[in-house]
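Letters A, B, C and D name the chains as they come in the text, with residue numbers starting at 1 for each one.
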């Protein structure tokens, strides 16, 4: 068994990463870090957790646990300020280390590019021991568009919709239930930091607008491109032997409900006049965060890539 | 007082039109038609309705009521087969009479274009006594894009999201709560009949994809265009003295919650790189159906355009 | 026209009271108080509000506006500390002045009973110029049980369920959308301050447990009693000529959806074995707060009791 | 490996049972029955299902598959008419075989009591090879009240609230999203067939009223009793070594969100004046249906009781 530690266990991505650890056949959780909960038993995070887990420690203590992999489930600023230990894999679920362009990294995160590699395994495998885990919107957009990158001609529009857990556990006006319930609205319409992330990997300019949905979890990105060649064939070929991404038959549309609570992705490919519409659905906390983080960790540690992921089942 | 009759009172648009009639200062409801409920008291539609309303009659009887305006709240096929009486205004809330192109009307509705005029008052006032009331998605897209029609350059993408009442009261797999709740998915991705309707009025090709939301009512259309000139100035000028359409200040995004239960529309104008993003929110049953039908009827009958509409208030 | 001022305009009950003022035929809003927003235009509360409204002032300034009626839409502690002006009607929407028992007032609100009268017009008309507006759960429970008060024999159970706006606009863990969506849970199970309020008016001991629902607005109280006599006849007689409370026919169950966005109440009376089940549905922000506050103000000012209320219509 | 077959695979309980089979370490699915889908591949049920599963057959064929256990995921009438094969375990997820009282079985299900045993393992282990799986509301109520059965004095009130999947996949007015969303209402208020089921096991009269919630899945039963003795101690003792039922610490309330997508139950015990309030949360499709069915099958087949159940994890 390899060992793992989580920093930021009390947030949404921390809790979901913890969930994956509890079911992981080859990773053992040795430290649960949380600066706000340090010293308390794990059950203070959730009454479902029992005495088999270690008590909570500070994030600094968790970082020094000597675990084979650290999951950074911290805010962007905290993650940017984090000094990785000398050894071991670190998977950063924040955005702090995703952008390689100096100006973009500075503008969107106030960071400088460093030794971190971007890990979206179906597209770009992580390299080395410091891994930047992709953003949720970027994951869905890239899974949809990557197979078409050499066939795209003209502007790319990504209209993305995410469940509210994508906005985090912090108490803000826009995470208040009175804002979220029976409501939908776009945010960061003039520029969101997942746009440069999509463009960095796709190497194409993208117009990206995210929307907030009145659902707990799940994300759907509807992508509009002009494309030469057979888009469906390209997408199907790209994921033909992939366990995580499921390309749907013709005429079947991706649904958030079907990927909720999973680490899988669904892609539908459609032709609308001259436009190719590629739609990708993921769980923003699964393939969009914790599921992908574990997948990256598995690769970096030499474990089976999908160990501990939730990929099977047909829940209502 | 002018008189009104509703055909198809038991459906969503029928019920909403009835609601507007109850509050209308210059229209008196004289017949409530419903083939499934004929002979029953109005309270069989809803226990809120009391003895002041006439009993339900068949749609044919309601059509012969001699009312000054008939609201057709029927399915597309029933509306297509309807023979208007010799006198009086008829507002058809279905899609049967919206398309003027013969091939398009035949393809999407199995109808032939006739003497009906399209009425979206902020854009094109209805003419004559037979009025085709616009579709909900088309209303939002046209309100957003119409002011820019001469400035648009290149492809137009409309990503629209509607509450489930837009799918009607019929019992179908996709109106079952188990499909709708905690779910979002696109539908008719390869072509929806509101696309030719938008193109007919805008006179530009449009890529349009609708999505179904887990909300009762409300619709948000996010429109992506390349546009010369000052988009915000064009939109603000178009609606400067309009009571129904509210152009939001810079940086404020339209919200479904704010237009729910109203007959108003909200528009936000944004710049995202080279792309202009115009977002319009309406209530699919308000400005997207019954509210606009009453607005059209008011115009045709020479009443105050916004009489009976729900345009004011600040509900949570 | 009589004049009105609102203190606490930026909260949910303030906003809803403002909404009623905008439609009120006999009350003119002369001051909008908000300590957090003082000095800003009314549109800062909501982009729907335009220049016809006065700019926001402090709550103290609004209190000194000389308005014929002040609506206190403040927290319990602020309302408890409020010194009413020498003249004019004051309607307190908080709980600070509802309890007449010294020990109970002290325990639940840290206040002492004073010169305020409780106003739930269908049950007890407000007296004098200082009016304590009932709690939302208490309103529904009392409307359901009051007609049976002399026929009840044995324990009374009130299981109440409220939409999340009942928890207020403050940012708390339990108002975060991640807690509310796809969730239901009871709160204050060992004692909630609406229990002594129900018992004070009903003069019977009551077991009351509230639950939080994943809906924006609406409240349903299911009340279980043993009851001699004909419960349905008692309830129907109590509200026979009432415009606000609608007793449903046998077999029809109250629904939150049907009272949402209204100031009405719905009551259903059922027999389950030896138990009488009376169910009342209201909008927690309507009859449960702002609607009732306006109704109380109308009575105190000698206006028509239901002026400005939203009681009619059949919205989907 | 033992073998299993599902009859009624296309319904909600069939789909959930299938999900448990896919993860079960000791049960192999050998037949998927569905009269409406017979002859189609398993992927016609859900695009997540792939070629590893057998094609769908008729329910009669599935019944004759010779599987060690048959899961009947049928409607009440179909299950009542089912003739069990001569060998093998049968778990009936419908209500057809739950009631042992002749008059009650006839009244509520039109059936006669037979050789079936009721299986709610924490309370009453199934006996023999024909097992009636409990109703969802009954499961929650019985888990809450069973430990107190000898201490209860006086009337018992169970106010239960269920997610809409409890109403099944059939297209009915009350499963239409327009009825469910932003709505809550009680149903079968004058008598629901889960009441005699609760009373049969508890051996006490119960007043039971169910409510429909606007959530996909999850059920919360709030139970009100007068009780001698230490209710918390009785409940904690009853489930002290139970893996499925979790008794929450003092002051922590059960939540639907925490048991959604699991086969576990949560119980909270509270004192409200003289009344003991016991609250139980389950997933209506998990412990309330498929999870319990698999648990019963495991017992009948001599497998580990919780094999294949979803009991661990801390998902957001």
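Please note the rule applied: a residue touches a chain if its C-beta (ideal position, glycine included) is under 8 Å from a C-beta of that chain, and two chains touch if they have at least 3 such contacts.
Quick caveat: nothing in here was measured; it's all calculated off a predicted structure.
Asks: Can you list every chain that touches chain A and also touches chain D?
Replies: For chain A paired with chain D, the chains in contact with each are B, C, in label order.
Asks: Using the touch rule from the top, work out which pair, A-C or B-C, shares more C-beta pairs.
Replies: Most C-beta pairs in contact, of the two: B-C.
Asks: Let me check something: if the centre of a chain is the mean of its CA atoms, which chain is farthest from chain D?
Replies: B
Asks: Please compute the C-alpha centroid of chain C, do the same for chain D, then give the distance between them in whole Å.
Replies: That gives a centre separation of 38 Å.
Asks: Roughly how far is chain A from chain C, centre to centre by C-alpha average, rounded to an integer in Å?
Replies: So the centre of chain A lies 44 Å away from the centre of chain C.
Asks: Averaging only over C-alpha atoms, locate the centres of chain B and chain C and give their separation in whole Å.
Replies: Computed from C-alpha means, the inter-chain centre distance equals 35 Å.
Asks: Where in chain C do residues touch at least two different other chains?
Replies: In chain C, residues 12, 165, 178-179, 182, 214-216, 257, 316 touch at least two other chains, as defined above.
Asks: Please name which positions on chain D make contact with chain A in the complex.
Replies: Going through chain D, the ones touching chain A are 12, 15-16, 18-19, 22-23, 45-49, 165, 182, 216-217, 246, 248-249, 252, 257-258, 261, 264, 266, 285, 312-316.
Asks: In the complex, go through chain D and note every residue touching chain C.
Replies: 154-155, 157, 159, 161, 178-179, 182-187, 189-191, 205, 207-209, 211, 213-216, 218, 220, 222, 224, 226, 253-257, 260, 268, 270-275, 277, 279, 281, 316
Asks: Considering only the defined contacts, which chain C positions touch chain A in the complex?
Replies: The touching residues are 12, 164-165, 169, 171-173, 175-182, 214-216.
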